[in-house]
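Naming follows writing order (A, B and C), and every chain is counted from residue 1.
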């Protein structure tokens, strides 16, 4: 008799999956699909398409400022975004200066990734991006608010203390480098691009949105908040999360609105070619299938939990 | 040695006795002022902090309300008092930004100092888990040594030398140690720490994401729709159903029910305006808080 | 050192640390505590390196002492002695540990907060002005040709421009809903006390429901991010590390 009372109903069973089992299934769901090579169809979001449109419209030889505030804590999304951004900038011969305002680890992480993309280019026999000539590392500005205001109203003096070695090895002011040639204020910058996993993008947008074309590549968590700035026109383009990375990579592979390309976004005017035959499909493509399995697992867990509750309630009522 | 650039009252030749004298005098005056602060009666403490806070905030307030020069050129001279103030404010801004960066850096150092202090105390007093304090201090000291060593080696390198230095076969001991600690350990652990949340999200969603009220049901439905819209395969499956129901004709009304369209509608109609309204609220709160802090009206705060 | 061996060692250490931190999923244990302390130590140590090398060295030290043109390593800069003030000002923050004089630490914090609060007035309109403007959406349709916006596949750029310039009835309805959402959610937030006015209280209730739609979307995006981070770790272990070991073994 006691045995019958202890026997769990289906509802109770559904509600009592041990935490360890759930964790183990999650590990399997996020590890196994990584080995599968399946092409996932994609429909680029309008905000990602606008980001790509602007990056592809910046005249070659122009300069952009890249605010890199991510570290490996968000590598799953930010690394793919930063890689894609650097590949586009370098392939289009756009000069860039990297600054960080968010995290003491961010400047080194950014430098490491630039080195990695440079090595990738060197392996393919492409020209490497050189410090001083093509790009600058401006370092860490721990007070994001003051720095944002400084850049907005007097950029050249805000970077006045920063130096890099020129071709002869002599330390010189960064504003004298070829990267900032012809640049006097932030209005002369082709775009201000923020790659972040935190709210640092908002601090910059608040101070700079009416001075320069702003773009943001943010994590999924920051996506919905940042989207309000895109919707109001304060950001001209943005990529959010892993889907945003995949959007960028597919557009780099087969272009945007180009005849024959699967990436058609009618709301975005113009045709923008991709970079066929080059390394385009990277982190986003590698992870997107696995994201499917992880999200399906979460949905299944929620559904099972709710069915369990419903069945238990029915049993209780009867 | 070639002499550095021209000087004025605020600037002195680099390496000159005059510069060191001025630095020493400044430090001595500051030390005297700190001594004065140590002797300050309790009733004056609040006004002192309030004055520093107010004057700091006043700069940006003035910058905002004072007329700004349009199309100012570096050679332009101020024509009147208004322009003089305007030019001064504009020129001072980058310096204020620099000061705020320096001060924030010093204050961030406080966190490092605090951690060291806690663990050194634990170690000295052999408190519980003191062995872990050794682990922490050894990690801290090793990355500090390798970090500075690697940085020092890179100083004065030409861009070409820097390019060569990035090749792993050219890495020095300092670079190898720095990369092992920074990329090999710190960055890996940083990523691992933050990825732990995925496990808890799954567990919490399974145990607590219940359709118990209208609010929870709306939230769940919206979350599922957005999650599905992020998945290309789900989008493809849905699109095939829409196509089968007549969606192949671009003019068909049913095309409005594609997953991306529904998710886009939710985003534009509810998500963005909803978050925007929250941000309006936060903005009003931040403005009020800003005023209270600036005027030192916040009782439990700075003053 | 052979790059392949070095890479394998570096990645193995990373994997050990990752697994060590993951053991907390079972329960708090010494292995986890060990790696947690390594993590904290490295993060704090790195912060001390970066704060000097990426910020204080150039922004403060070099600005204060300047640079002379020596052996062609620098173009030369005068020193601005006034920057010496920053050292004692920064040191004031460390008085927080003094029981008697901890109030002094409030001076540098007050300066930072003062600078922040002074900017709030300035940036408020710059931030929320465009947001408010973007909330004033057209609610009257400009055309009744079609209930919804027609598909733009195969249209010429001029035709596309004409389609996008018009407000179709479905868009007008969407815009009305968006405006209602802003007003109701704002009502819900601003009137968080007990409401006696029925109109306001029903708006507030509607705001709560509408907010749930937004929160649902946020939850969806958050899930994507959290899983992406885990996927990345799994990639690190099952692909990057395995590949490095394979290379090492040959």
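Quick note on the criterion: a contact is a pair of C-beta atoms (placed from the backbone, for glycine too) under 8 Å apart; a residue touches a chain by one contact, two chains touch by 3 or more.
Since the structure is predicted, the reported quantities are computational estimates derived from the model, not experimental observations.
Student: By the contact definition above, name the pair with the higher C-beta contact count: A-C or B-C.
Tutor: It is B-C, judged by the count of C-beta pairs in contact.
Student: Which chain's mean C-alpha position is nearest the mean C-alpha position of the whole protein set?
Tutor: C
Student: CA centre of chain A versus CA centre of chain B: separation in Å?
Tutor: 17
Student: Using mean C-alpha positions as chain centres, tell me how far chain A is from chain C in Å, no decimals.
Tutor: Whole-Å distance between the two chain centres: 12.
Student: Averaging only over C-alpha atoms, locate the centres of chain B and chain C and give their separation in whole Å.
Tutor: About 8 Å, centre to centre.
Student: Two-or-more-chain contact residues of chain C, please, as numbers and ranges.
Tutor: In chain C, residues 25, 43, 46-47, 50-51, 53, 55, 59, 63, 67, 73, 112, 115-116, 119, 122, 127, 131, 134, 151, 153, 214, 217-218, 221-224, 226-227, 229-230, 232-233 touch at least two other chains, as defined above.
Student: Chain B: which residues touch two or more other chains?
Tutor: In chain B, 60, 63, 96, 98-101, 103-105, 108, 156, 182-183, 186-188, 190-191, 193-195, 198-199, 201, 205, 220, 224, 227, 230, 267-268, 271-272, 275-276, 279 touch at least two other chains.
Student: For chain A, jot down the residues that touch at least 2 other chains.
Tutor: Chain A, residues with two or more chain partners: 23, 26, 30, 73-76, 104-105, 108, 140-143, 145-146, 149, 161, 168-169, 171, 224, 228, 231-232, 241-243, 291, 294-295, 298.
Student: Would you pull the chain A residues touching chain C in the complex into a rising list?
Tutor: Spelled out, the residues of chain A in touch with chain C are 20, 23, 26-27, 30-31, 34-35, 73-77, 79, 100, 104-105, 107-108, 139-143, 145-146, 149, 161-163, 168-173, 205-207, 209-210, 219-221, 223-224, 228-229, 231-234, 240-243, 264, 266-267, 269, 283, 286-287, 290-291, 294-295, 298.
Student: Which stretch or stretches of chain A touch chain B in the complex?
Tutor: For chain A paired with chain B, touching residues are 17, 19, 22-23, 26, 30, 40-43, 46, 71-76, 104-105, 108-109, 112, 115, 118-119, 128, 130-133, 140-143, 145-147, 149-150, 153-154, 157-158, 160-161, 165-169, 171, 224-225, 227-228, 231-232, 241-243, 246, 288, 291-292, 294-295, 297-299, 301-302, 304-306, 309.
Student: For the complex, give me every residue of chain C touching chain A.
Tutor: Residue list for chain C touching chain A: 25-26, 43, 46-47, 50-51, 53-55, 58-59, 62-63, 67, 72-75, 112, 115-116, 119, 122-123, 126-127, 130-131, 133-134, 151-153, 155, 157, 160, 164, 214, 217-218, 221-235, 237-239.
Student: Inside the complex, what are the residues of chain B that reach chain A?
Tutor: Touch list, chain B to chain A: 60, 63, 90-91, 93-101, 103-105, 108, 156-163, 166-167, 182-183, 186-188, 190-191, 193-195, 198-199, 201-203, 205-207, 209-211, 220, 224, 227, 230-236, 260, 264, 267-268, 271-272, 275-276, 279.
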